[in-house]
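Two complexes, one shared chain (chain A), two partners (chain B, chain C).
Let's turn to the complex of A and B:
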């Protein structure tokens, strides 16, 4: 895939998909919206993984985004989708700056476990907070869009377009980021951290920036999911949710940021159909699909597209 | 004072089954560097197998004494079968892959087994309280204990001693320590590492299932116990340091007491407080209390 191709590809995807969002059946629009929202989380995670930060706790920011949107909508009366996205991202940034300073001191499995622990703290707190509906969570009122208050179905389609533009825009920005000095330094840190320090770059600064990026995308994804489903519960912050993100990141491959979007939409589709057609064994179907991908496509789905590109497709 | 004693007792009871389960988890990680999420399913399988077998035993009107042996045999047998099958059938093909990928593989196994359990045993709770109540309660210093819990504690301590003894005082255990230290050199020295892995994983799975089997009489066996236990066992092993037997013991004690204290004093913070402890321990000792720091790559 040529270098020039990526942004053009994303633009083309936007041009093709936006009109589709207006004609496709509502259930499919809903499904893809969820896929895009979660894909947004995975894009951020992929950028983190390129810098060696394999987070098993992205559910923290995903849940934080969703809950800050829900709280703002229910208790502050703020109901505008765009405003809620801004609030979610802001909460994500603040928390990530605070936690990131501590967390980026750790590497590999220690980083993974500590981030998981922190997300489980949020989960544990949410499960026991009866004011926030405990394990049941609570509902959100339908959002407005920059003052417009459309009916439910139109609202879903608008939300789809919003999610699509946000996801593709983020993919494009982060694609650029991975080629920026900070992004490239992230990959260098995985190879040899100490040499990066000798070169005069600050490892902790690079990792903190990367960590905050992951937090913002996860929070945005959380807000979108909250708006799309009109319901939030603590499972958003549970470790299985975070594990799913890591799985999709690996499934899609870390070679390209946009692969995560495709991967997540595929994963959501598999899960929805599995849930629809075998409600009692859907986990088995998903688990089997995971094993098949890991065994037969060790470098992720993107390796199907970019065969021959060599090392860049490797996780 | 009364409450403090109650916390200590409850904490010790949690400790006993948490320790048995976490011992398996930490053993598998120590030797194979696999963070086995499917361990939660092994625990659930053990609990279900034991609960249904004990239920049938008492329905047939057989004497209570035999049910204890049945519990243990059920747990060990199903653990051995599933552990052997998963290692030989699946994990063996994946060695050398990234640690994160291995976590996902065991997560996939966990998802599959969760549904297998639902297919085999349904979603209704299984109760196997008879072995628990048959032993009755005794009072020591004015406080009532269930005798079953005391036996469980003894079992946990025996397991811990057996693990320590095997690792440090037997030929097989010494060889295992060599494999833990350097997989490649030990295989060059003629140790059959692949067989070590199979044996370790099978024993680890047996411990997980045994933990489920002996816990079954004290709990109600319902879908979802696998998720609950893996969340706790994970915290135990990480606090103590993954791969350390002493660490698993200390971790189980810390988590058990913390959980008991939380439930008695402020029930709202139960899970929250365990993971807060884990985060604090990791912040100061990323390898856990008993883990060894890895060498830095230059």
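Let's turn to the complex of A and C:
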């Protein structure tokens, strides 16, 4: 089991989950789609955190992705899910390249606060724009898929499959990235930045690449959420949204990129059932569940898996 | 430490299962999902009064104690009502998920809810997608039925347009010589829309009025020092405000302390929701609205007398407009379902209820409600404005003026903003 590579496991997950997406009740399909879309944002955040970039402003790219999809769909008439994903990612890359040069010069709390400030600028601008519906936001038409225009329910299921493949594909790619020279250098930067420079590597280049990766995944997550809920509003860029991503990243553990997907889907599920069964105390139910995880699994949900691996590896 | 992990998992699983077990049922009930703010800033002034009204009306319907015209059948057409209450907090993504869960997982027959206009916009297309009878009871944006049309969606409360047009009409009636107006509204959709509607109404009704300043403090700001200074510098005759809850309270207190409302008229379009609680603070002469003929503005009737008395007896405070709007939505659903059922005792199909609901006129504690706009899916009703007067420490309203529904609502097919800026064509005010 432990010998089985991450890529094989992710492939197996895809093979099992794709057919499930066609038979499960639609509320569950929707719940998991949202979990995967947000999980995608967390995957990128985990990669950033491994390089020491704890961003409290991923909402910036999450919101940018959603709004570029929404604007392209409503004002340019571009309605294809795949095309909108490409547009969202492209906007994310352009903005991240510009901002990243500035932001990756800062570390720790300074980076966290600056990234938060930039996301709140976007939030403020969106709230002020009455043409875009201010805090009410606006709706998106149902998307097409590579020219196919299925009925609404089938569309939801296709979107689930799309989100699943995108999330697992990204997890697989970023897993590879964390083991690539650039990825490993990111961890080295956290240990000792000056030594990394002495080794002849460029710290700012590594951090910029990592930052852009985080931006792309967040923008993709934003586009997926916009397509799934068919509605966007400035809350997507609000700091509590960004805070939730950091929270889930810590909850899932930064040991493995795929942990974020599992963590986010679990988080959404717990919260959803708490909403239905204890409407007055759902915050307490969610909080208690989180507290239990923190107390019993201080290294996040992923330690359940990695502990097992460690044990089986022992003679 | 495996046992620790196992115990934690068991406790978590147990906590989730318990309420599910408690849900066993006997007769065939009419399941209703109710969504309103139970946490956050909007819970106190809007969410909880609405939830209280829902509890009261549902229990009274089930026991058959609601007076005429709803005295005939218990529950809804004889079916007892069974409610699932959901918190509206968490933003639109969360609410879309929860709506799906209500409709598909909890399997409710209808959903009544939503205070936030953003939530309403997000939920609207879903009602038709899932073919689930849905009633918006409070949110105010006219965009819902002006930008699109829906089959399974109804809104039994009026739009925010009539609040601000009626405020302008009332102001000009009381103070025809008004020269300059200023606005202080929260920096979010409701605040922007309220001010834009009021501004457009004033421009149409009195062309030479000047707009001294427009302030948009942050939602939940709490401190209004800068804005009050700006208002004092601009020195307008009238200050328009759609603030609500704690924000309104803080603004009124801080403004009174600095004399911002001396020799100046303050308009609070949502003022009724806090009128009794702020009885000692609101300056005399303030123009107060209730987003319809709700609360203290409700016309006298057997139904209203019963509602006020039962509500006060149970919650020790008079019902405010969110309570009235929730009662209105529940009674609208009852009226439509029973009209669809006719003499039959069974539950009519959703299609039949929709057909009966379209264009329906029904009675609520706030008087007659006409489903006249949005192809029969959007309600209009009269609206009243009054002037605040403190009597023996109690809040009262004097000089109440009622405006008929068609005086303050656009005709079918005309967008609110176009109607306000285009000279209010077709308004019937007598």
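Everything that follows uses one rule, which is that the second predicted complex is superposed on the first by the 302 of 315 C-alpha atoms of A that agree within 3 Å, B and C clash if a C-alpha of one lies under 4 Å from a C-alpha of the other, contacts with A are read in each partner's own complex, and residues count from 1 in each chain.
Definition applied: contacts are C-beta pairs under 8 Å (C-beta built on N, C-alpha and C of every residue); 3 or more make two chains touch, one makes a residue touch a chain.
These numbers were taken from a predicted model, which means no experiment stands behind them.
Chemist: Should chain B and chain C be called a clash or a fit once both complexes are overlaid on chain A?
Modeler: clash
Chemist: Per the contact definition in the header, classify A:80: touching chain B only (first), chain C only (second), both, or neither.
Modeler: neither
Chemist: Of the partners chain B and chain C, which touch A:283 in the superposed model: first, second, both, neither?
Modeler: both
Chemist: After superposition on the shared chain, which partner residues are touched by A:243: those of chain B (first), chain C (second), both, or neither?
Modeler: Touch partner of A:243: chain B, not chain C.
Chemist: On the A-aligned overlay, A:123 touches which partner chain: chain B = first, chain C = second, or both, or neither?
Modeler: Touch partner of A:123: chain B, not chain C.
Chemist: For A:110, select first, second, both or neither according to whether it touches chain B, chain C, the two together, or no partner.
Modeler: The first partner, chain B, only.
Chemist: Name the residues of chain A shared by its contacts with chain B and its contacts with chain C.
Modeler: Chain A residues touching both partners: 127-128, 280, 282-283, 288.
Chemist: Quick check on the complex: what are the chain C residues that touch chain A?
Modeler: Contacts found on chain C: 1, 4-5, 8, 11-12, 15-16, 18-20, 38-39, 84-87, 90-94, 96-98, 100-106, 117-118, 121-122, 124-126, 129, 141, 143, 187-190, 192-193, 196, 219.
Chemist: Residue numbers of chain A touching chain C in their complex, please.
Modeler: So the residues of chain A in touch with chain C come to 25-28, 30-31, 34, 127-128, 130, 133-139, 152-153, 225, 229-231, 233, 235-236, 241, 268, 270-280, 282-283, 285, 288-289, 292, 296-297, 304.
Chemist: Per the contact definition, I'd like the list of chain B residues that touch chain A in the complex.
Modeler: My answer: residues 35, 37, 90, 93-94, 97-101, 103-105, 107-112, 114-116, 118-119, 227, 231, 235, 238, 267-276, 278-279, 282-283, 286-287, 296-298.
Chemist: Residue numbers of chain A touching chain B in their complex, please.
Modeler: 54, 56, 102, 106, 108-110, 112-114, 117-118, 120-121, 123-125, 127-129, 192-194, 239-240, 243, 246-247, 250, 280-284, 286-288, 290-291, 294-295, 298, 315
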